[in-house]
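For clarity, chains are labelled A, B, C and D in written order, and residue numbers in each chain start from 1.
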Amino acid sequence: METPAFLRRLFGRDARGSATAALALCRALLSERGEASGATLAREAVRAIEALDEAQREHFFDALAGEFSPSPSAVARAAQAYQAEPGPRTLARLQRIVEPVRQELFRRLNMAPGGTAALVAMRTRLLESLGAHPQWRAVDDDLLHLFRSWFNRGFLRLERIDWRTPANVLEKLIEYEAVHAIHGWDDLRRRLQADRRCFAFFHPALPEEPLIFIEVALTRELPARIEPLLALEAPVADPELATHAVFYSITNCQDGLRGISFGYFLIKQVAEDLRRQRPKLKTFATLSPVPGFAAWLAGLRKRGELSLPALEQPDWHQAGDLDGLQKPLQALCAHYLLRAQRGDEPLDPVARFHLGNGAVLERVNWLGDSSKTGLARSLGMMVNYVYRLEDVEKNHEAYVNEHRVIASRAVEKLARECALARDAQNEARAG
Amino acid sequence: METPAFLRRLFGRDARGSATAALALCRALLSERGEASGATLAREAVRAIEALDEAQREHFFDALAGEFSPSPSAVARAAQAYQAEPGPRTLARLQRIVEPVRQELFRRLNMAPGGTAALVAMRTRLLESLGAHPQWRAVDDDLLHLFRSWFNRGFLRLERIDWRTPANVLEKLIEYEAVHAIHGWDDLRRRLQADRRCFAFFHPALPEEPLIFIEVALTRELPARIEPLLALEAPVADPELATHAVFYSITNCQDGLRGISFGYFLIKQVAEDLRRQRPKLKTFATLSPVPGFAAWLAGLRKRGELSLPALEQPDWHQAGDLDGLQKPLQALCAHYLLRAQRGDEPLDPVARFHLGNGAVLERVNWLGDSSKTGLARSLGMMVNYVYRLEDVEKNHEAYVNEHRVIASRAVEKLARECALARDAQNEARAG
Amino acid sequence: METPAFLRRLFGRDARGSATAALALCRALLSERGEASGATLAREAVRAIEALDEAQREHFFDALAGEFSPSPSAVARAAQAYQAEPGPRTLARLQRIVEPVRQELFRRLNMAPGGTAALVAMRTRLLESLGAHPQWRAVDDDLLHLFRSWFNRGFLRLERIDWRTPANVLEKLIEYEAVHAIHGWDDLRRRLQADRRCFAFFHPALPEEPLIFIEVALTRELPARIEPLLALEAPVADPELATHAVFYSITNCQDGLRGISFGYFLIKQVAEDLRRQRPKLKTFATLSPVPGFAAWLAGLRKRGELSLPALEQPDWHQAGDLDGLQKPLQALCAHYLLRAQRGDEPLDPVARFHLGNGAVLERVNWLGDSSKTGLARSLGMMVNYVYRLEDVEKNHEAYVNEHRVIASRAVEKLARECALARDAQNEARAG
Amino acid sequence: METPAFLRRLFGRDARGSATAALALCRALLSERGEASGATLAREAVRAIEALDEAQREHFFDALAGEFSPSPSAVARAAQAYQAEPGPRTLARLQRIVEPVRQELFRRLNMAPGGTAALVAMRTRLLESLGAHPQWRAVDDDLLHLFRSWFNRGFLRLERIDWRTPANVLEKLIEYEAVHAIHGWDDLRRRLQADRRCFAFFHPALPEEPLIFIEVALTRELPARIEPLLALEAPVADPELATHAVFYSITNCQDGLRGISFGYFLIKQVAEDLRRQRPKLKTFATLSPVPGFAAWLAGLRKRGELSLPALEQPDWHQAGDLDGLQKPLQALCAHYLLRAQRGDEPLDPVARFHLGNGAVLERVNWLGDSSKTGLARSLGMMVNYVYRLEDVEKNHEAYVNEHRVIASRAVEKLARECALARDAQNEARAG
């Protein structure tokens, strides 16, 4: 169907590039006739929104946050009516009144071909500027509410990614990978060979866009260092002999879906599937960075609570004698992971994720990642979290209800040996 | 993962068959730990719900309508807070408070394998008994709200159904067909041959369940009678020569999705696709029953407003001389379709659907369907509605805004010739 | 590309329906220019051949057997040249000369869309009349030679057939089934439910045409009777509990591929696949008819070598007292299967197939099939052949090299107890 | 099924790496029991052959050429019998006797998983050493004969290659491209964007191996130079506006299929498909190298028949004034393409291919390819051959039957202006 006549009347040949036009189309889409003209109007509206430049988009978001919100007087009336006579009828009316028409607008925009992708992109833009425009929060709330419903676990498909996957999906892995950057196609191919696995969640409405993906190495022991796993020239091991599945990278791909957590579901399903397919796999574990460690330690040192002059050397990790540094630093790392907190939870975001998922903090690896990023953020430390599938829920409950973090004896011991811990104990005893 | 220990503790080996168990599982699913145990708990809960017998299900729905509704006191407090200080913060809180936790429960149940199907089935059961249990209305509102969002046009896939379609889908057409019953596989095959088309909408979460399907005959003229289209032995015409696409049956398949309209989208997309694929197709029209005609006429006769003794014969349509009956009955049918109303809309549900979609009432066909059902409901009448794709939106607007129904001159003339119409006109003049 | 001008010149608008035209097209296809005009000419030729009526086809086959055969004088010359100077060059020339151009013709016809199907259909027709036209034998030899190459096991795909299979494939099973007729779609569905399996071989050039298919029942014991397996109302058993895979029907679908054996490969691969997928399956066996038994016995009786008056009753198998009949008849059946021979092989074709495959004759079942066909051909007997996968090759070798047939002790014993066997032994002793 | 016992007896745990073992397995495969043990033996034999090193392979090929050839005495006897009594029976016997058992061996090897690929690889190896081992010619003849039958046009699938194609296929394009090397993934992606097309033939038994592929640019004019088409940074044109489809690269991928021509079929089908899909495309043409031009000219110069001192400069094409060179060199190129011959056909292999296909030599482009290879082989010349689909067969016939090459007037004129042509004409007149 052609662009309807009324649109041409309103905006000339091309309705794009103007917030006024975009808003008019949105209003038309919400009108009675919007229901019938459905996909046509939705397509025009989506195009108009996509063509907005930054200034126009600000205007558009302002209107979304204003005009498409519930009317305060209507809300007040409905609230009053409910209070006067609480019951199903007045409640239903109140519910209807407080729901912003924005939500219906978003649902109708979704009728356009590519509508879901356009809405996710819209939220990406919104989030980029939300800090400067707190009044848009309500718009974001509505998008997030909708996406939580649409991107429900029940609608996601787990897919294996390998060298048979279409190139247009593979190039997105290269683009999105956030933990250990993929340096081109040769690097990617190595990560997809017989001793590696890669899985992603997809949504039917975004069939070529991974939502999240995880990279797994099949090994014969729990690795302590990331470099050998990533080395292009690493010999390909026989996956039949593998006993360990090591999750060494997990990346959320869509900024527009921030706040919807896919990671736990992905790890759990991948672990269960691998266990079923390869009964020889006994250990499911990660090799993870400790991204907040360096900053936390720098804070301590800045505040004079700790002195580690060896770290002041630019290339400290290549110094001749690291023996004196390794033990204290490992202990500090264990202490950081187990004791440093934000509210009731671990300060380290990766720890928060895996421990919250019910994994166990198994081992702290010295110089597990001596890449520039690895040194800058984690002081080279890498950590293994182990997922024991039969304990995951129990651990998760302990974490949620009692803020209890499960670690191996070795890590517990390390944490106790940390200078800070001893100080605290001494103080406690002294006190 | 096995059934979690806590479930076994609570319910013994089998949590099924008890509303108490089903509700406990729902509560667990809504708890903090529900998020982590995700699919496991959801699966158990879905199984428990599916195993309920009728009495248990009543109990379960009662609890859904009660316990899982917003707390009146909390709503009252939030309403008061909003009135005291209207603003984004108090509004957001009010929105959160009035949303029943049921909605989140349904979203979490959807994580189970087959969760979407289970929820649609749940609403089917709910609707069956809603008349007797008006207190469940709020539960239905929430399911409908969710389904409107999930079964958004943007998530549906149009698929052609033909003789290459898997048998497990085809047998559902036989089961569901609601307009002209399909009498077994031979009948179905005839409806899928080269001069017929069939299309259905599917949702990714119900990949083997058509939501709605439409049957189309490719013909060289506008047909007036249904029997020749349905005849098993009808010769297969060359589709290359067809100029008319005749929609002769459209069926909504899922009772649990009642209230979500797929029909307009389906007709529109099928018409557009066919026009693109086969430029020789010029006319897109229906051959439709008039299902309310007989009842309406019976009402008139009962109230003595009309006398048609010929219809009192059991096999009146096979009587020797129908000449005297045909014209008045066609005129009555035209009058019924154009003038008999419910509110501002046509009384006849099929007319309401097609005219509301923007189609034109083109022709009233005498003895278009002399099957038992056709006689009982439509007195044998069949009607052609024509979809002129370029006028559809304009007609729809006229229908919605001005309650104007578009009919061909011939039908308009017929309606004017109806005895009832003349009476009315005479009265009007007399008046 | 249009029908080339030279064809229109030669045959008018339509080259079909004339053997002369078909042959001219075949000659053109074999000419130099045939290589370039490729698919166009091939398509025309295929159409022309398919449009021949019976008389024209006879003419066409005669020409194929004559004109498209090697020239006797050329063969004689090449043979002489070889004898004069045997060597690679003269051999290569002889090979080239003796190969009929027919083979190249068939290869070029195969370039047409649907060419493979057309050639298979051509051989079907040829075989139907071969008896009356022995001069066509050479044409058949060439088609068979080609098909053996094209339908090589390496090019076949094994596919599972179930209720998700497209209807146009399923209806072919109904049409082709040759052992236990499928009585419509309900019967078919029962044979595809959870406790049944069906597999077929397909060739990429005939994607919707099964070449051969096998039906399997998953059971908990070795069945002796076919009726319970075929009963529509038989309860569906849990396949998880099955220990036996029972091949109860195997059908070659394409008459045009007669002489190419798919059966052994199919049974072997199905058995291996099932064993891998379901380790609980321990026994792979058939429930098979004994289709030559009745005729063989009738021969004996006719020649007065045997007298079995009980069998003369029309409904002998429903007679009150069958005790006296069962044992002798089972013994005769065992004797027939193990001793009655044609050349060095069992007289019974089904026995020849399974024993030649390396199966073991396990059991002779009294009244295993009391259907009309079962009584008429097998006198109601059904037999279990067991495939012990680890012995299959050894048994096959014994069969091929020593004409040794492997049977269970029970069947061996039965065969020894047969009156005919005792007579023979007595004679032997007496002699 | 496990490696059969008899193999283990013969060769120990591992039958690989020995020509003796490979040959024994081949003999077993050809024996009666080979038929039954089918895939197992074939798999073992294929593995054994693949594991041969070069010396062992020589031994293996020698045996194939010897032992697996027809027995000379048997051939002689059958030839004699035919001569004594020519007829269908003796002919059939002669045909059977002269067919090497190798052919049956190859057909049985094809039963192995990956058998077809292994046989193609075997021929690749064979061809590499055929020059040094002319006695293997007969083996090659048999493989070629078989492959012509198996890789018949009727069995090939045309597939579009684009950025959605699996990476394992795409990387093969990078590896195989023989005309204009693909420099990595970015280069490949540019060749697959909206204004480019790529198509390949595949065979069902080699689903991830292109047999041949063609690269097409959709343009608005006939291009004279290759560099702008290959430039990574070339802006992507709107394919809707294209009027020309330019075939700028065509590559045969499988050395083991040498001698089987796919190119003509590919060009023809791609042209027909594109014409149907995009009616705006009016011109189907190539931009092709003239790979034999430089060598031919060097020959002339060496023999003193021509003197072109300007070409002696190393970077002659970048010299300031090329005006004096362009015209004579273009004329020489036209002359070379139209007059220089090998037998009755053009000397230039690319000209032979396209002119033999029925294309027209349209234009000779000066400095159409100034890459190193382009200068070295074609002296920078590129040529456009135009495929006029309605004339292709007529041109092909003229080419085959009258050795007539069709060129545009401009090219004909160029060729007449060539110094060599004028000399020849002068001589002719003088003579």
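The rule is simple: a residue touches a chain if its C-beta (ideal position, glycine included) is under 8 Å from a C-beta of that chain, and two chains touch if they have at least 3 such contacts.
Just so you know, these numbers come straight off a predicted model, no measurement behind them.
Under the touch definition stated at the top, chain A and chain C share these contacting partners: B, D.
Interface repeat of A-B: among B-C, C-D or A-D, over half of the contact pairs recur, by residue number, only in C-D.
Rounded to whole angstrom, the centroid-to-centroid distance between chain A and chain D, based on C-alpha atoms, equals 50 Å. Chain centres here are Cα means. That of chain C falls 40 Å from that of chain D. Each chain gets a centre from the mean of its Cα atoms; for chain B and chain D, those two points are 59 Å apart.
Chain pairs that touch one another: A-B, A-D, B-C, C-D.
Within the complex, the chain A residues that touch chain D are 163-168, 170, 184-185, 189, 208.
Every residue of chain D that touches chain C in the complex is listed here, in rising order: 1-2, 4, 32-33, 36-40, 69-70, 72, 75-76, 79-80, 82-83, 86, 88, 91-92, 94-95, 98-99, 107, 110-112, 115-116, 135, 137-138, 141, 146, 148-150, 152-155, 204-205, 264-265, 268-269, 272, 357-358, 389, 392-393, 396-397, 400-401.
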